[in-house]
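Presented sequentially are two complexes of subunit A, the first with subunit B as partner and the second with subunit C.
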Partner chain A sequence: MSLQKPIMRGLLAKRLRFHLPIAFGIAITVALSYKFGVTEPRKKAYANFYKQYDAVKEFNAMREAGVFESVRPSGK
Partner chain B sequence: MAHPSQLGFQDAASPVMEELLHFHDHTLMIVFLISTLVLYIIVAMVVTKLTDKLILDSQEIEIIWTLLPAIILILIALPSLRILYLMDEINDPHLTIKAMGHQWYWSYEYTDYEDLGFDSYMIPTQDLTPGQFRLLETDHRMVIPVESPVRILVSADDVLHSWAVPCLGIKMDAVPGRLNQTAFITSRPGVFYGQCSEICGANHSFMPIVVEAVPLEHFENWSSMMLEDT
Partner chain C sequence: MLASRALSLIGKRAISASVCVRGAHGVAKVEDYTLPPYFDRRETPLPEVAYVQQLTPEQKSLKEKEKGSWAALSNEEKLALYRISFKDSFAEMNQGSEEWKSVVGGILFFLGFTGLVILWQRKYVYGPVPHTFETLYKEQELQRMLDMRINPVEGFSAKWDYENKQWKK
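After this line comes the complex of A and B, so read on.
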């Protein structure tokens, strides 16, 4: 019974064909995770914050808390 | 202001800083993509015994690793230039303030209508009241009207300083004999902190900047009160 001839050529190319798509796949997955895990939530957070932001109400709250030095609390 | 163990930028208080935040996220995403790819390739190269000593060239891969970086650079450059031109737009400021750097304090001059000027020294740590921030508070704050375009003319009296407020996305060098201009709009009322950002001597770390954004009528009351005091 004879042994099958082992593969003796193209080993590096075969390794590259195996690993490069995985490398690109992982890199793109990491980038997309950052985009949808950090970038988009941050954009939405800023948009939502200013959509419901009442500057007068926030200013008065900060004023009463004594945050400002140019404006004293009104005592209301 | 910054908080302990903070990694990222401070929350934006001006539209330009918001744009800079989003641009940084976009660029960092690209950085993570490239770094992950390179790290994987390095590990794969380190753990293999396979090499090909006879490779001389490969047109296909050389085209790929020339075009791909060029495309990535364009993807970074386009939003970058957009923000650069956004920052330079004619913004017709409602107020001009001169910020002068000295060793080791800032002075502010509001000379649009009356002659108002004052110095802004750091409050020493032993004089802080509870709730105040160490090395960040000043005796007089630079007060501005909220949601109004403000122009700041930055210069220095002696050595190089730099007027910086991170949450407004501003940093401008204060150079003796030179007038540098920057402009901003605050999106919300509040108190915004910064520190001198150019080494200027022994107390470089002890000349902070505090910007207080309040509604216009309160700004007018404050400036009248300051004029009466001086």
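After this line comes the complex of A and C, so read on.
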């Protein structure tokens, strides 16, 4: 039997040539989709929340509900 | 260096002296269990011992022929020599089996059995849950969380409509 001599060298390089671009592509895609799917909406949500935030009004509402220990409800 | 040289001199003389002293006994017989075991593994392609230790007369003559030119060996003889040294070929040792089905079945079976055991425990071993799990208590907890404005931006209180005192649609 005279088989063809198998490939003896460059096996890792061959594998990397194929898999490394795929790995980088997937990693970058995941990072970008997380940035634009999660962090950007979150930043916008926080910005919008604090645009119309009245801290004193919220404080008084919480005080009346009785969740604070330093101030009691105003008793009105 | 000097010490090892001196030791090798003494050692050689000692061995020859002991062989002479014991007569014609020489080396002890090699038992099967003293040899390293034979493994067919992809990671170690050349096991430490040959597969067949006790050769038949035909195999012995084949081993003698192996000492000559390998081009003179026929294909069957080459295969026979391979099978003397090794048990399975790489293709044979790498082939999969159906064992995984039994393994998965066993896992699922014992998971199910564990579920039954836990159900029995819940009924016959554990006492009652704390009072903090009662419905009224849970409603008071929920109201307090809304009063404290837990996660008002994206989470819990963000979904509550404080004007109309209901969940946001």
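As a convention for this text, the second predicted complex is superposed on the first by the 59 of 76 C-alpha atoms of A that agree within 3 Å, B and C clash if a C-alpha of one lies under 4 Å from a C-alpha of the other, contacts with A are read in each partner's own complex, and residues count from 1 in each chain.
Here, contacts are C-beta pairs under 8 Å (C-beta built on N, C-alpha and C of every residue); 3 or more make two chains touch, one makes a residue touch a chain.
Everything numeric in this text was worked out from a predicted model, so none of it was measured.
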Residue contacts on subunit A - larger count, subunit B or subunit C: B
First, second, both or neither for A:Phe59, with subunit B first and subunit C second: first
First, second, both or neither for A:Tyr34, with subunit B first and subunit C second: first
Which superposed partner A:Val67 touches (first subunit B, second subunit C, both, neither): both
Contacts of A:Arg42 with subunit B and subunit C, given as first, second, both or neither: both
Shared subunit A surface residues [contacts with subunit B and with subunit C]: 42, 46, 58, 62, 66-67
Residues of subunit B that touch subunit A when the two form their complex: 12, 18, 21-22, 25-26, 28-30, 32-34, 36-37, 40-41, 44, 48, 50-52, 131, 141, 143, 146-147, 187-191, 212, 214-215, 218-219, 221-222
Subunit A - residues contacting subunit B, complex: 11-12, 15, 19, 22-24, 26-28, 30-31, 34-35, 38-39, 42-43, 46, 50, 53, 55-56, 58-59, 62, 66-71
Subunit A residues touching subunit C - in the complex, by the definition given at the top: 1, 42, 45-46, 49, 58, 61-62, 65-67
Residues of subunit C touching subunit A in the complex: 75, 144, 147-149, 152-154, 158, 162
